[in-house]
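For clarity, chains are labelled A, B, C and D in written order, and residue numbers in each chain start from 1.
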Amino acid sequence: MIKVAINGYGTIGKRVADAVSVQEDMEIVGVSKTRPSHEAFIAKERGYPLFIADIAKKPAFETAGIPVAGTIDDMLKSADVVVDATPGGIGAKNKALYEKYGIKAIWQGGEDHEVAGFSFNSDCNYHQAIGRQFVRVVSCNTTGLCRIIHAMDREYGVTKVRAVMVRRGGDPGDIKRGPIDAVVLNPVTIPSHHGPDVQTVLPHIPIVTLAMIVPTTMMHMHAVQMDLKSEASREQVLDIIEKNPRMGLVRKATGITSTAELKEYAMDLGRCRSDLWENGIFEESVSVLGKELYLFQAIHQEADVVVENVDAIRAMTGAITDPQKSIGMTNKAMNFTAI
Amino acid sequence: MIKVAINGYGTIGKRVADAVSVQEDMEIVGVSKTRPSHEAFIAKERGYPLFIADIAKKPAFETAGIPVAGTIDDMLKSADVVVDATPGGIGAKNKALYEKYGIKAIWQGGEDHEVAGFSFNSDCNYHQAIGRQFVRVVSCNTTGLCRIIHAMDREYGVTKVRAVMVRRGGDPGDIKRGPIDAVVLNPVTIPSHHGPDVQTVLPHIPIVTLAMIVPTTMMHMHAVQMDLKSEASREQVLDIIEKNPRMGLVRKATGITSTAELKEYAMDLGRCRSDLWENGIFEESVSVLGKELYLFQAIHQEADVVVENVDAIRAMTGAITDPQKSIGMTNKAMNFTAI
Amino acid sequence: MIKVAINGYGTIGKRVADAVSVQEDMEIVGVSKTRPSHEAFIAKERGYPLFIADIAKKPAFETAGIPVAGTIDDMLKSADVVVDATPGGIGAKNKALYEKYGIKAIWQGGEDHEVAGFSFNSDCNYHQAIGRQFVRVVSCNTTGLCRIIHAMDREYGVTKVRAVMVRRGGDPGDIKRGPIDAVVLNPVTIPSHHGPDVQTVLPHIPIVTLAMIVPTTMMHMHAVQMDLKSEASREQVLDIIEKNPRMGLVRKATGITSTAELKEYAMDLGRCRSDLWENGIFEESVSVLGKELYLFQAIHQEADVVVENVDAIRAMTGAITDPQKSIGMTNKAMNFTAI
Amino acid sequence: MIKVAINGYGTIGKRVADAVSVQEDMEIVGVSKTRPSHEAFIAKERGYPLFIADIAKKPAFETAGIPVAGTIDDMLKSADVVVDATPGGIGAKNKALYEKYGIKAIWQGGEDHEVAGFSFNSDCNYHQAIGRQFVRVVSCNTTGLCRIIHAMDREYGVTKVRAVMVRRGGDPGDIKRGPIDAVVLNPVTIPSHHGPDVQTVLPHIPIVTLAMIVPTTMMHMHAVQMDLKSEASREQVLDIIEKNPRMGLVRKATGITSTAELKEYAMDLGRCRSDLWENGIFEESVSVLGKELYLFQAIHQEADVVVENVDAIRAMTGAITDPQKSIGMTNKAMNFTAI
C-alpha cells in the first residue's frame, strides 16, 4: 500500500483524497488544513486523520469538534508520497520541507514547471515520471489540451494548435471571485501563457492560446483548432476519442449543449461530486475541414487533474509501469464509466 | 411493496424516483418522458422502465438507444400511486387520466390546491392525508416555510409571519431562464401568492410574503420573521430545529455564509445529487428580539419536496399512520444524516 | 431632409431614432410600438410621434398618458425610408407593406439576407447600396467582423479568418433570457452561421466561426485570427485601426481589460446610452505572429449597427455618395469621439 | 463660488465632481487619483485639474498623456470643501490632513459615524449640518432608508421598521468581486449593522435590518415594512412619495418590474451615467395592510448619495439654509426630472 498524504484539503485536495482512498494499492495517511472550516468537518466524516500547520490552532479545531492528529511534519513522516494541493504559489515554498523528509511530492498546475522540473500527463509522458521524486501535474486546462492534442498528434501529426479558452470566474463554492457581468481578457496579451504550459508536456507542438474569464462557475470551455499533417476523417477522430478512457463524447442524442447540462448529467450519473474527470468533447462539434480539425471541449476545472494525480503517484513510486494499466485501475476504482 | 409510477422524469421526478427506489416498502414501476434527452439515458442507466406519452415517438427513443416499455396508460395500469412531476399546469390536465384508472395521485406545488383539494406537508398534516386518493405536495418554498412556522407555532404560538423570499432564477441545468443581471420583483405586488399557499396547509397563520428573483441557480433564501405568542429563547429555538429531522442547522463553526458553500457542503457529504432535503437554517442568524423571531433559511428548490412525496405515498396508501415513523424511514433509506 | 420612420421602437429602434434625429439631413417622422411600455414613455419624452400597429389598442396607450399619432400605415405614408427594427423574423413579414407604399426599407441582421437581397456595411460596400430600395444592415457581430476583416484585407489580403465569438446571453434590460451559470454552445456545430453571414458582405473571404453564449449582458467578445497574404507589422495594424473612425483602440494605458470596464469608460465619456458604436479592439491584444494576426475585439450588441443604419439611409436615398463623407457626418452628429 | 476638491476620483467621486460642476454656486478646483487609469483620462477629458498623492508617480501619469496639476496638499490649499470619496476606511486616515488645512470635509458612508461626528441626509437633518466643519454622508442604503422612513414618520409616526436589503455584489465596472452564483448572507447575524446606521440620522426609529448579497451589479433592492402609529391610506402614501423630489415612483404603466429595466429607463431618459439619484419605489408594491406599510424600493448604489453630497456642501458652508431650496437647486442643475 502506497501511503499518501494530502497537503491542502481544499477543492483539489479533497477530491484527490477520495480518489486515492478508493484505490486498492493506496491509502490516505492524512490530510492538512490551516483552519477549521466545512472541509475540516468533511475530513472528520471521511475518517481522514487531520494535521495542521500551526499547532497553536489545535484548540480552535477541537472547540469546533474536529480532532487534530498532529502537525504537517508528523503527517509527512508517515507518508511515501505527498500531494501538495495548497493554493497556487504556496506549494513551491513547501519544497524544502519535502526535501527534508526525502519524500516524493506532487505539485499542481498553480506552481511553475521549475518547482518539480517535470510536468506530467498520464496519456503523454507517464513513462518519464517513473521513479521521479518530484512531479508537477499540469493545470486543468493544460491537462485537457494535452490529452486531445497528444491523441491527434500520435495519429495524424499536429503542426499547429490554436485554442480559445473561456474560463470560469470562480469555483461553485467560491463566493468572493467575480466577474458578475463581464467578459475579462486574462491576459489581454496574445498568446496567453497556457500554450507554453502545454509545451512543458508536449514541447514539440506549436500552439497559440487565447484566454478569457466569464461569469460562470461550472466548467471551462475550449474552442480548439488543429492543423493536421495527414488527412483525417471525422469518424476516425470520434473513434479515437471514444476509445480514450480520459476523453468523453458528449453525444448529440443527449441534447446537451452546455456546461450546465453536462454537469447535471454527471450528477445524474451518480458521479462523486458530479465530477467530470474526462474531457467533455461535444460530438456534434467535431469537424474536419480539409486538414483542419475543430472541436469544443468542456473541462471541469475541479476534477480532470484528480485522476492524473493518482496515476502520478503510481508512476513515481514505480508501482505500475504501464500507463494504460494505471489509468484503467484509477478509473475503475472511481467507478468512472463513460458519459 | 407500494408500486409507484413517476409521470414526468425531470428535475423533481428523477429525484423522487431515486428516493422511492431506495425505500424498503416501495418500488418504481415506471417513469415517463416525452422525448429522448439526457434524462432518458439516466432512466435507462438506473433500470427504470421508460414509458412515453406519444407512442409514435418510440422510434426516436430507440434510435437513441433508449428502450421504451410502453405508453403512460400502460404505466398507470401497473401502479398503486402516481407521482405527477410534469411541468406546472400540465399536471391538472392529467387528473382525468388518473381518475380513469382509479389510481392514487400526487401533484406538485406548481398545480393549484384545487387539483387535489388537499395540500400536504409531512410535519403539519400527515394524518389528514391518510387514505386520500389525491394529494398535492406544496412547493419547495411553501414546504420550507410550513416546516419552520409549524414547529414554532406548536411551541410558542405564531401570531404573524413576514417572509421575504429571494428566489433563484433557474435551476442549475436550466440554460434558458434568466435574469442574468437584475433583481426582479415577482410579483411586484405585496403580498405575494406564497402566503396564501402556506395557508393551504396552515390556514390559521397570518402571513405576508414578498418575493423576488435573482441571478442564481443554487437555492432560494428566506428572510423570515415571526411574532410569537409566548416568550422564546434562542437556545430553545435552536433546540427545536436541531431535533426536527427535516430542518438542519448550518453551524457557525463550518464558516458557511452562503447558498453556494452550503451546496458544496452537501456535495462533500456525498449526498445524492448534492441535495439538501431539509431547511438549511443558519445557526448564527437565529435571533429572538423580544417576542420576535428572525432567521435566514436556505431552501434547495430541487430537493426539499422529494422526501415529502415519499411520505405522502405512505400516508395515502395507509402503509404507515405515524408521521414520525414515515419521516424516519424515508430519511434513513436516503442516508439523510444531519448537515 | 430625409423623412425616416422607425418601425419597432426597442433596443435598436430607439437608438437609431436618436441617431437619425441628430443628423442635419434627416428627421424622424414617427416611431412604432405594439403596446404601452417604458419605451413608449421615452418616445413621448423625446417628442417622436408614436404610431401603433393595432389601432384598437389606442385607448390602452392613452390611458397610460401616451398620445397615439396613428397607425403604422399612416407613419409609412409620410416617410421616405423606414428602418425596420422589429424583432428577428417579424421584419420579413413587413416587406409587403413596404412594397405597397413604395417606400425604401432597411432591415436588421435578424432577418435573412434574402429579405433585401443586399447586405450592407458602410466600410465594405456603401457604393453598392446607392439607390437601392431594400437593404439589410448585418448583425452586430457580422458588422464588427466585416469592419476589421475588410480593413486588413484591403491592406494585406486575408486568406483565412477563424473567429470565436463569445456572446452575451441577453441585453442589460432583458430579464427573461439566460443562461445564469453556463457556457452554452450556440450552435454546437462548427462552423456557426456567422461565417456565411460575413460572406453576404465579403463573399471572397474564407471564414470559420465558432460561437457560444455566456452569462453576461454587456458586450460580445471576439477572438479573431486571420491569415494574411503579405507581411504585416503590429504597428501598421494599430495604425490602420486608429485611422478607421468605426474602429477604436482600447488603449493599454487605460487599464481596461474587460467589457465591463469598457462600457464604464463609454459611460464616463458621456456617450449617449453609454454606447460603443465602434469595434473595441484591445491594443495590447493585437499580435502579429508570422503571417498570422490575432486580436480581441469587444462588440456592443446594442450599438454598432446604429451608425450603419444612418449611413444606409444616406446611401439608399443617394443623398451622399462618398462613404467616408457619410461616416464622418454620422459620427460627428453623434459626438462620436475616439475612445 | 464654493471651491470644491474631490479626493478620490472613482465611482462616487467622479459623479460628485460632475454634479458639483453643473451647480451655479460651486466649482471643482481639482480631483485626485492614485494611479493612471481610465478615470484619469476622464478627468482630463472633463478638464478637472488632476492631483496625485505620490508625486513620484507624476512621470507615470505624464507618459500616459495625463497632465498632473500637483499634490493632494496643493489641491486642498485651494479648496473650501473637500469631498472624500476614497475607498472605505481610507477616508478616516485623511482627517488629520483636512484638519491641518482647516478645510471643511465630507466623508462617505464607508467611514464610521465617528470620523465626522455627524451623519447627514438632506431630507432629515440638513439644518443640523449648517456651519459644520465635518460631515459624513451616509451610505447609499442608509440614504434610501432614511428618505422613506423620515417621510412616513413625519406624516404617520413610525414605531418599527423591518427591512431586508438585497445588495448587489459589485458595481458594473468591477470585475473582481463576486459572487457569481450564490446568495451570501452578509452578515449572517441579525440584525445587520444597517439599522444602527439609519439611527445615526434618525436616532428615535426602532429598526431591524437583514442583508444579503446577490450576483448582480445593477442596484440594491429593499423590501421595507413599517409599523405606523396612525392610519394611512395607500393613496396618501403614494402622494407623499410623489411630492418628494428625492423619491421616485416606478409606475405600473411602464411595465418595469426589475432593477435592470429601471436602469434602462434611466438610461433612455438621458440621465448622466444612467443614474438614479432618487429612491426607485415600485408603485404597485406600495401596500397598506392595517397599520403596516410595505413597499419595494430600488437603490442605485453609485448615485443616490451624489446629490446628498452637493446639498451637504451648501449646508456646511452656510450658502443655503433652507434644505428644500438646496435640494431644488441641486436637482434642477442636474436635469433631474421625475422618472
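By our rule, contacts are C-beta pairs under 8 Å (C-beta built on N, C-alpha and C of every residue); 3 or more make two chains touch, one makes a residue touch a chain.
Predicted, not measured: the structure shown is a model, and the values here were computed from it.
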Subject >> Chain whose mean Cα position lies farthest from chain D >> reply: A
Original post:
Given the two chain pairs A-D and A-C, which is bridged by the higher number of C-beta pairs in contact?
Top reply: A-C
Subject >> Gap in Å, rounded to a whole number, between the CA centres of chain D and chain C >> reply: 35
**OP:** Please work out the Cα centroid separation of chain A and chain D, and write it as a whole number of Å.
**Re:** 46
Subject >> Cα-centroid distance, chain A relative to chain C, in whole angstrom >> reply: 42
Subject >> Shared interface positions of chain A, touching two or more other chains >> reply: 172, 174-175, 179-182, 184, 215-217, 257-258, 260-261
Original post:
Which of the residues in chain C end up touching chain B in this complex?
Top reply: 169-170, 172, 174-182, 184, 215-217
**OP:** Would you pull the chain A residues touching chain C in the complex into a rising list?
**Re:** 162, 164, 166, 179, 181-186, 188-191, 208, 210, 212, 214-219, 221, 223, 225, 252, 257-261, 282, 284-285, 287, 289, 292, 294-296, 298
Original post:
Contact residues on chain D for chain C in the complex?
Top reply: 14, 36-39, 41-42, 45, 63-65, 172-175, 180-181, 217, 253-258, 260-261, 263-265, 267-270, 272-274
